[in-house]
Each structure stands twice: as C-alpha cells, then as structure tokens.
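See below for the structure under consideration.
The letters A, B and C name the chains in turn, as written, and every chain counts its residues from 1.
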Amino acid sequence: MTTTPRPGTGPSTSPTSPASTAPGSVVDGALRLAPYWATVLRRTWKGGVISALVTPLLYVVAMGVLLGGFIEVAPGELEGATSYLAFVAPGLLAAHVMTLVIGETTYPVMSGVKWHKTFFAMHATPLGIGSIVLANVGFILLRTLVVSAFFVAVLAPFGVFTTWWGAVLAWATQALVIGAFTTPVFAFAAGLQDETAFALVFRLGMIPMFLFSGAFFPVGNLDAPLEVVARLTPLWHGVDLTRMFALGTFELGPALVHVAYLVALTALGWWWAVRRLRARMVV
Amino acid sequence: MALFTAAVAGETARRAARQGSPVSAVEATRLLVWRNMLAYRRHWPIFVTGFLEPVFYLFSIGVGVGALVTGFEVGGRTVPYAEFVAPGMLAASAMNGALYDSTFNFFHKLRFGKLFDQMLATPLTTMDVARGELSWSLIRGGIYAAAFLLVMVAMDLVSSWWAVLAVPAALLIGLAFGGICMALTTFMRSWQDFEYVTLATVPMFLFSATFFPVSAFPEWLRWVVECTPLYRGVVLIRELCTGTVGWGSAASVVYLVVLGLVGLVVVRRRLDRLLLA
Amino acid sequence: MLIHARGLRKTFGDFEAVRGIDVDVPRGQAFGFLGPNGAGKSSTMRMVAAVSPPTGGTLRILGMDPAEQSSAIKARIGVCPQEDTLDLELSVRDNLYVYGRYFGLPRKEVRARVDELLAFVQLGEKADAMVDDLSGGMKRRLTIARSLINRPEILLLDEPTTGLDPQARHVVWDRLFRLKAQGVTLVLTTHYMDEAEQLCDRLVVMDKGHIVAEGSPLELIRAHATREVAELRFGAGGAQAEHEAVAEQVAGLADRVEVLPDRLLLYSDDGERTLAQVHAAGLRPTTTLVRRATLEDVFLRLTGRTLVD
C-alpha cells in the first residue's frame, strides 16, 4: 500500500507517516475496535466474573441438588430427565446466559450513547455504525461463550450430560441464545432515552422468562394459553435445544425449528440495532 | 456498652448540630420521603411493577415446581409446597427491595448524584438523610409486602390471623438489611464492589429455608444458616403465616431490630466522615 | 463581622489545603477569593458553609460556631457550590421547591419564592423541564437561584459564572449587584479577574493555602502592578528560550518583565513610551498592545512562577 503525503493536516503529518483510511468492510471496521474491547475486558473482567460463575452454580446446588433431593418423579414427567437436577441444569445454563447477555446490552449500551458516549467517539472516526454494533456484539458473544464454557465444565461432574459431545453441543447452543438476546436488546437500548425503562425490561421481560420458559419446570405444566406464550419466548427455544443435547433426547424437527427461530431473531435484532443506533447517532 | 456510649456521644453531637434548626427530625424525615415520592412520580410503572418479582417466583417455584414436590412439615403439620415457599418469597423480597435502595440507589446518590451534598447545605443533618432514605425504603417495602400478603390470602396460602403481622415483620427485615447495607455501601469505592453484595445475597436468597427446609444441610451448616438475617426473617414470617408463633419468633424480632439500629448508627458516622470532610 | 476567621486551617490526611488564614467579612460587603487551581479557595468556602469542620483556628459565622450550630448557620446562608448539586430526578421547579422546604419554610411562601426566583434567573420557560435537559449555563443559573431560596444573609458563590456564556455572565453579575444593593453579603471565588474587579469590594489572593495579598481591587493593582502594560507577541511558535532572550534585552525598558508562553508583558507607567523604546532597540514584535494593568497582572505577579525583574 502506498501513502500519499497530504500537506496541512497537522504538525505530525510528515511525508513518511501513513494516511488514515476508511475500513474496507464492516468486519474490517469491527476489527479496528478490537483493541478497545480488549481494554474494556482487561479493566472489567474481574467485576462480575465471580458472580457470573458462582450465581448459576448456586442455583444448581440449591434448586437442582437440594430441592431436587425432595423431588421424585417418573422420567416422563420431566421431559425425559432421570432426576430434577438433570432437568433443571441445562435450563439454568440457558437462562443464565440470557441474564448475562441482557446485563451486557442494557446499561453498558446506554452508556455508549448517553453517559460516556463512547459510540459517538467511535463514530467520529472512519468507522461505520455496522462496525460499532458488530464489535460490541462480538465482544459479548465471545465473553459470554467463555463464561458458559466454565459453567458447562462445572456442571459436567454433576452428571447432567449424558455424552461429552452432548455437552459440547449444549455449550455451542449458547451462541444462538446469546445472539437472539444480544441484538434485539442492544437495539432497544440504543434508541432509549430514559434508562428507567430497563427496570421494566427486567421485571416484565427477563424475570418472567427466566421463571416460566421451561427452565425450572416443564412448560406443559402451565395452563394452556400460558403454555403457548411460554413456547413463543426465545428462552424456551434455547432451553429446549440445550436440554435435548444435554439429555440426549435430540429430535431433528424441533431442533431445526429452535435453530431457525433463534437465528431469525438474531438477524432481525441486528437489522433493528443498526437502524436504531444510526437514528440515535446520525441526526 | 461501648456501642451505647458511642450512641450517646453521637446523640449529643447531633442535638448540638440541630440546635436552632428550623426543621424538626420528624419534619425532615417527612420531607425526604416526600422528595422520593416526587422523584418517583414520573416513574410510577417502576413503582407498581416492583412487587411483581416475588409473585412470579411464587407462581414459578411455588406452583410450577411445587407440582413436583409433596410439601414440607412446618410446626408439626405438613403444608403444601406453595404455602411453604410463599413466606420465604415475602421475606426475600423485603430483603431485595431494601438491598436495592440501600446499595445501588444509595451509592448513586452518595457518589454521583451529589444529592446528599445538596441536602447538607441546608439545615438538614446527616442523620436526617440516613433516616429519611431508610424510611422511604421501608414505606415502599411495606406497600409491596401488603400487596404480596393479599396475593397469598387470595391463593389461600395463609392459615392464621397472625399473618397480619407479616407486614411489620417484612419491615423489620427491610430495616435490618437497609441499615446494614447502607452502612456497607458507605465503604464501597466503585460499582465493582457490588460484586460482594451479590455474592452475599444470592446464597442467602437460595439457602435460607426459602425453597426447602434447612434439614437438607449437615448440622454445622444448619447453624450457620440459622444465624443469617434472612433466615430469621423467613422463619419469622412463616411462623406468623402458619400461626406457629413462639419464643423463637421474639428472638428473631430482637435480632433484626438490633441489626438495623447498629447499621443506622454506622451510616450516620460514615456520612459525617464522607460528606462533612 | 458576619464571617470571622483566625488562623483557619484545613488538612486532608497529611495534605494542608488551608494553612492558617485570617478573614473578616462585615455585613453588606462583597468579598472575593482569588487564586490558582488548588489554592484552597473551595476548601475555605466549604468550611464557611458549615459542611467541612476546620482542622484548626477559630471560625465564626453570623457569630456562631459551625461545629455546634451548623443547622442554624445553614438556615441563614445560601450556597452555590463549585460543582452543581442539583437533584437530577426532579424538574426545575421542584428542585427549587423541595430545596426550599428543606429550610422549613411554609409551602405557600416557598411557592411564591420559586416563581420569583425562576424569573430572576430567567428560567421561567424551563420551569417544568427536567434538570438533566438543561444546558450547563442554565444549570448554573438554577443553582444560583436555589441558593437564594431562603433569602440568605450571606451568599457563598464558588466560581458562580464558570461555564457561562458572556451574556449569561452579565445577567448573573447584574443579579449579584442587585443582591448587594439589597444588603446581602457576598462571598465569592473566581478565576475571572474582570468579575472580581466588578463585583468585589475587597479581595484576598490565595496561593498554596496562604493569603498572599489583600485589599480592594484598586489597592491591589496599585501595590502589585504598574499603571500600564505593554504586551508583545513574536509570531507563532516562539520558543520559551527565544522569549527569555528578548526579555534580557528589554529588561531595562520596564519596571518589570513577565514571560508568558505566548507573549511578553512589560510593566511601566507609560506603556506607549516603553513600546517606542522597544522599537528603538531594533526589536520587531508581530503584534503589540498597550493596556491598563488589571487584577490579572496582580494575580500573575503574586502566583505566577516565571518572574523576571
């Protein structure tokens, strides 16, 4: 690559210094943000990492092992699981991935457009909106995948996975769960003016989903209309897919539906996120 | 005794500070509660939805998972699982509500909002601030507790008139956690420190006889759990809702009150140090 | 004396922010603290506002000891801190109203004062806006209005006009003049010398926790500067060393020469004559300016580091 010296762009522009360029693609632009997100990770990984790892484990011990110790049911009642622990563990994996992701895409994204305005700083450079979203989403994906890998590793000794490849696929499923929550919530946060709405997202969206999307008990136990609602939530699709792999009760048809649903939601969220962030920043 | 002397010394200093103030302690508390109401006026959905979380837990764990559990023994009688879980949720939500106000909200007001700096430029004192914030938190918690109790009554999960005292009991839990957590929050330096709050409260929430009896634990662990404030709150409310009140209940009450008052004394001293430096 | 301090000191850990100052402010005076960043102005103001206990010395506000009667003192003073401490959760009007109620004033009275003050600082149109949505200057004006809600006898203003546009500054000055005319005692800190010259009857210059000069603006100029100043600039990017060299050459032409990063200041009683001498000496500055000495020069003299006499 050759660089043409441009006169008059400031004292540091000597004929030999390379000129700045626009990124060739969205991905190229996102990669330029890697150092930023690496710095963020270095500064913040300690805060939250312990609770991110310990909280789900505590839930597994409390609900799966201890409460589960009081539960004796026939496998048919628990979607093929032989114990309540085996039933609840994959559900908790997906449910906690959801809460982690929502945590990463609410206040931090708001901060990017409102408080610290980091997205504005990024956008003042040659980087486009798509690159900014992609870099942030990529960061959340990688980080949450690492955390869920730990979680899967910790769950394994409890004997909740019937096969090792089932465990790997259950983990890989989390990538779909992460995508399906990251992009839509990012989009919501990017356009939001008043952060108090997040409390409503948590209370009316996240917590009910956490509790009623089949993580703790089979959605079949819900009354008919509620069961339909539960089956429409992205978390249920994530939980059911994770559980199929963990318990070895894989069925191709439903699995494909789950994958398609989660991927479609990710794509829709992506489109919305770029649109909302652009509307917020390019005015 | 040392605590008593400290309290007396603090009281004298406080009287001195208040000397000639145009605002009485009661009036100051009322004003602070009223300010919070004004601030919430625009956010009434937040206020209203605040009581939903324990209800969701009750339906999910108490009813949904409860269909799989036979029930537990309370005071020599086997109660259905939902009836066992409901008092636990009432106590836990009293804890969580107080926690939220006394940690995140309080920290924000203390370090970023400069709200307390503003108040202390007026005749209000640090004790007014601590008392006012805690009172607001308790009033809100009381409203939520009453609403939850109505849900319990509607679901036929209450079997004694003692249950009306469950609301004041929830306030005691709020007082204890509010006082202690506000005190701890004054020592926090950054948001990262709240990690410790999560690490302390999530285990309490899950293991304090909220979802299953402590008989699930080995003996030594059982003792540890029985000493935690949430456990005392959970059993207190469960005793009230099932009508199995005894001396243990009184001990729980004293325990919670002491925690709250100690917390409040510490908060006042710390606020003096932090804001009147 | 409304404010009376003797040997007033304030330390933070090992650090001495205020190192024994004497201050007396009589009723009705407009009193100013001048000084560079970190001089200890805000620390002093906070002690006077009864929110920061002195480490040593005596302090009496309105004849009372802030350690014992802080609430009674606060009831009679108004405070505009360096950083706005507005209630971001409340509207503009509610900010004033709630704050006023903290003083134990009756509702009706506060309501009347709120409208009056909103008009006073020209924020009437913004009465129902949220504080977060105000511009920086509007927030500042609101803070000033808020400090007046209890009709204070002493008004403490820590850098009241920092961040205001020139128009808004003049509005604030006008308001402060009016308050002064009503007999309110003003105590202010500022980095704007014109502000100090216009508003203050008397001022002290603080540096590193000490008071280094005291008097009326005119007295200070007379004592620490000459009547006029000639300013010389030698093109863009003139190195410090170059300036120093020129300073040597002109040293004999003025009472005092001050070397700044971008220009030279020559102090003398007749600026034009000094300038003529500079030209006569064969020097060719790119721009020149002759002006009357101001507090700015006093400030430089007393707190600046590069003095060449």
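Following the convention adopted for this analysis, contacts are C-beta pairs under 8 Å (C-beta built on N, C-alpha and C of every residue); 3 or more make two chains touch, one makes a residue touch a chain.
Only a predicted model underlies this, so the values are computations on that prediction, with no experimental measurement involved.
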{"item": "Longest centre-to-centre distance from chain A, chain (CA-based)", "value": "C"}
{"item": "Central subunit by CA centre of mass proxy", "value": "B"}
{"item": "CA centroid of chain A to CA centroid of chain C, Å", "value": "52"}
{"item": "CA centroid of chain B to CA centroid of chain C, Å", "value": "46"}
{"item": "Computed distance of Cα centres, chain B from chain A, in Å", "value": "32"}
{"item": "Residues of chain C that touch chain B when the two form their complex", "value": "12, 49, 51-53, 64, 67-72, 74-75, 79, 81, 83-90, 94, 98-99, 101-105, 150"}
{"item": "Residue ranges of chain A touching chain B (in the complex, touch as defined)", "value": "44, 46-48, 50-51, 54-55, 58-59, 61-63, 66-67, 69-71, 73, 77-78, 84, 196, 199-200, 203-204, 207-208, 211-212, 216-217, 221-222"}
{"item": "Residues on chain B engaged by chain A in the complex (per definition of touch)", "value": "43, 45-46, 49-50, 52-53, 56-57, 59-61, 64-65, 67-70, 72, 191-192, 195, 198-199, 202-203, 206-207, 211-212, 216"}
{"item": "Contacting residues of chain B [partner chain C, same complex]", "value": "16-23, 27-28, 31, 34-35, 38-39, 113-115, 117-125, 275-277"}
